[in-house]
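Same chain, two partners: chain A is paired with chain B first, then with chain C.
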Partner chain A sequence: MLLPAVFAASFALAQASADKTAADKRRSGYQDMGAALQKMQDDDTANPGMLFVQLGQQLWAKPAGAANKACADCHSLADMKGVAARYPAMAKDGDKPIDLEGRVRLCRTVNQQAEPLAPESRELLSLAAFVANQSRGLPIAPPDDPRLAPFRAQGAAIYQRRQGQLNLSCAICHDDNAGKKLAGVTIPEAHPTGYPLYRLEWQALGSLKRRLRNCLIGIRAEAYPSDAVEYVALEIYLMDRARGMVFESPGVRP
Partner chain B sequence: MTQVLINAPKTAKKGEVIELKALILHPMETGFRPGTNGRLIPRNIIERFAASWNGNEIFRMEFSPAIAANPFVSFFAVATEGGKITFRWTGDEGFAVEESVAIDVA
Partner chain C sequence: MRAGLLVAALIASIAGTAWAQGASPYTVVGDAISQPLADKPGDPARGRAIVANRSVGLCLLCHSGPIPEERFQGNLAPSLAGAGGRWSVAQLRLRIVDGARLNPDTIMPPYYRTTGLQRVAKPFEGKTILTAEQIEDVVAYLATLKE
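Now for the complex of A and B:
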């Protein structure tokens, strides 16, 4: 006699989750991957990104620079929870926004007084991945800082602007044609849910900046210099566009 | 700093077939790619991977340049006795890494 009740309950649950997906139709790139890759990302001993998280954990505790301080000497791990889900943010007493890698680099030179970490270097990405991993499972929550608004608007404008020899904008692929195929690959909706992430094509961990540069080269546009504010503006816009989606770093993507 | 991730059960029943998985950070440079200066980047790969159970070899594999960076190996073994499973990677440029996990077999 219990069965109908159980069935009704599970039906109600299924309805509730169906309503939720009906309200939010956004898809993370994770949902467009095959089952094997999803499994690879979910298993912490098969996800190659976890190698870098582990490396980042060691670097986190290692003193560096003239200050001879480790990241762990100032920051507790509990404080790092949620940080990656709200970056990019304004630099303290700065006039420019910085992304997570930028924040790590700033801490490195200003607080640790150490040699700056090269962009896209293994050390920088590992530290960023370790910090990002602390936010895994949390919703993406960009800050409501009014100083970010002009940069978000700049990012939105770049996203809509046609550029490059192929004369494409980000929106043409990732809004108008998302879910369709480009050379046999499903075009994702461009939600930055898993960065820094391990891309099998790169055979390495890479930042969102690298992904953006990759796309720019793909549409045969001139990529911005590595410290250009345009990248961070795009990151701010994309994170705002993905607000509320689950943060899953280190992601795995084909 | 060498990074290794191993997935092996901590306990197993005698005679049970268990899956062992090992992932290691390594560039697996093929030796066929030119660098930015136009010269070939020297080959740097893992040549051999071997696993032993209490000192007895249970699995051996030879790697080739066609294997991607950060190689992931998964294989099966029959749990016969409790003890130590040792994984060993050796390769170019004197690369040698050993990692062990303990297992209880009841």
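Now for the complex of A and C:
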């Protein structure tokens, strides 16, 4: 009686450590950066993304729209902890998943009854960065919502599919050749640990969607329209793939 | 005369279905294309410039090569150094034109194919990555890389 119990316990332990080893092999883009950029991300007074977080904090408290309500009138900041680490999620009463920016936009038009925030606009990214920053340091934890499963599968399929004039898939670079150099740049494993994040190349804060568009354009594929479900499907897949990794927003990347 | 026109029309219609997309027909024998794709012989100097150009040849994104002035070179694929010693001109040609004919899993983009591709961006739709002349230039350059 004792023996199976001991076995079960040691097996569970081995499983846990195997999972940990497997998890430890994944690398955030942060780990591929030089020390100077890592320091820039880690230091809130040097991280350019924090300027957007601060702007987002102001917008969070500012009433808007016909409802004349601020985000803060409905949401406690404590409730925002962990939200970004689990998005995308199904929209309430909706049949489609939305990402964090989509959630903010929906709140803006439906609840605040305000003008929609344009995709990739400074206001939208700032609000998203402020909410995302509340999850900094938490493990990425996508919800176990069965309604997300078909979208996750769609995202996985897109990830594996060759596209564009260069006939490449996400997986060719970010699974099969991650860590190698594309020109001078280390190919990251494409874990969305830091979004919205500040890219020096953009000289701006940007969303994961913007990053996905960049890659599509790079392989000379037709970028999806900005409201396409394909992006959210990819985001769901990538967040699931990064499950358990530490959420870093606002990240800094080259 | 009439027969000639007919042949021309036939070729045009074939071209219209299969090769109107920016690639002319070519013949693969074994693992090679022995006939040049263009009338003019390739120019190694132009080929070198194409290989070095990150938005034209794109070669150095994945390959390294003996082009020291280009500092940031890739390592996803074998070095181009010695390519002309490893492969004949005809073999090089097919590997650039459509490497997937030799290895369906290759990550090498098909430089002279417009079919079987998905979701190609509008500006590139129906266009090959390099023209026939450019491929001949690149082949001529690679052939000089004997070691």
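The rule is simple: the second predicted complex is superposed on the first by the 231 of 254 C-alpha atoms of A that agree within 3 Å, B and C clash if a C-alpha of one lies under 4 Å from a C-alpha of the other, contacts with A are read in each partner's own complex, and residues count from 1 in each chain.
FYI, contacts are C-beta pairs under 8 Å (C-beta built on N, C-alpha and C of every residue); 3 or more make two chains touch, one makes a residue touch a chain.
Quick caveat, the model's predicted, so the values are computed rather than measured.
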State whether chain B or chain C is in contact with more residues of chain A in the superposed arrangement.
C
Go through the superposed model and pick first if A:Q54 touches only chain B, second if only chain C, both, or neither.
first
Of the partners chain B and chain C, which touch A:A46 in the superposed model: first, second, both, neither?
first
Between chain B and chain C, whom does A:S121 touch in the aligned arrangement: first, second, both, or neither?
neither
Considering only the touch criterion stated at the top, classify A:N167 as touching first (chain B), second (chain C), both, or neither.
second
Would you sort A:Q31 into first (chain B), second (chain C), both or neither based on which partner it touches?
neither
Which residues, counting only chain A, touch chain B once they are in their complex?
43-46, 48, 50-52, 54-55, 58, 200, 203-204
Touching chain A in the complex: which residues of chain B?
1, 3, 5-7, 21, 23-25, 28, 68-70, 72
Please output the residues of chain C touching chain A within their complex, sorted ascending.
54, 58, 60-62, 71-76, 100, 107, 109-110, 117-122, 124, 127, 129
The residues of chain A that touch chain C in their complex are 161-168, 172-173, 176-177, 180-185, 187, 216-217, 220-223
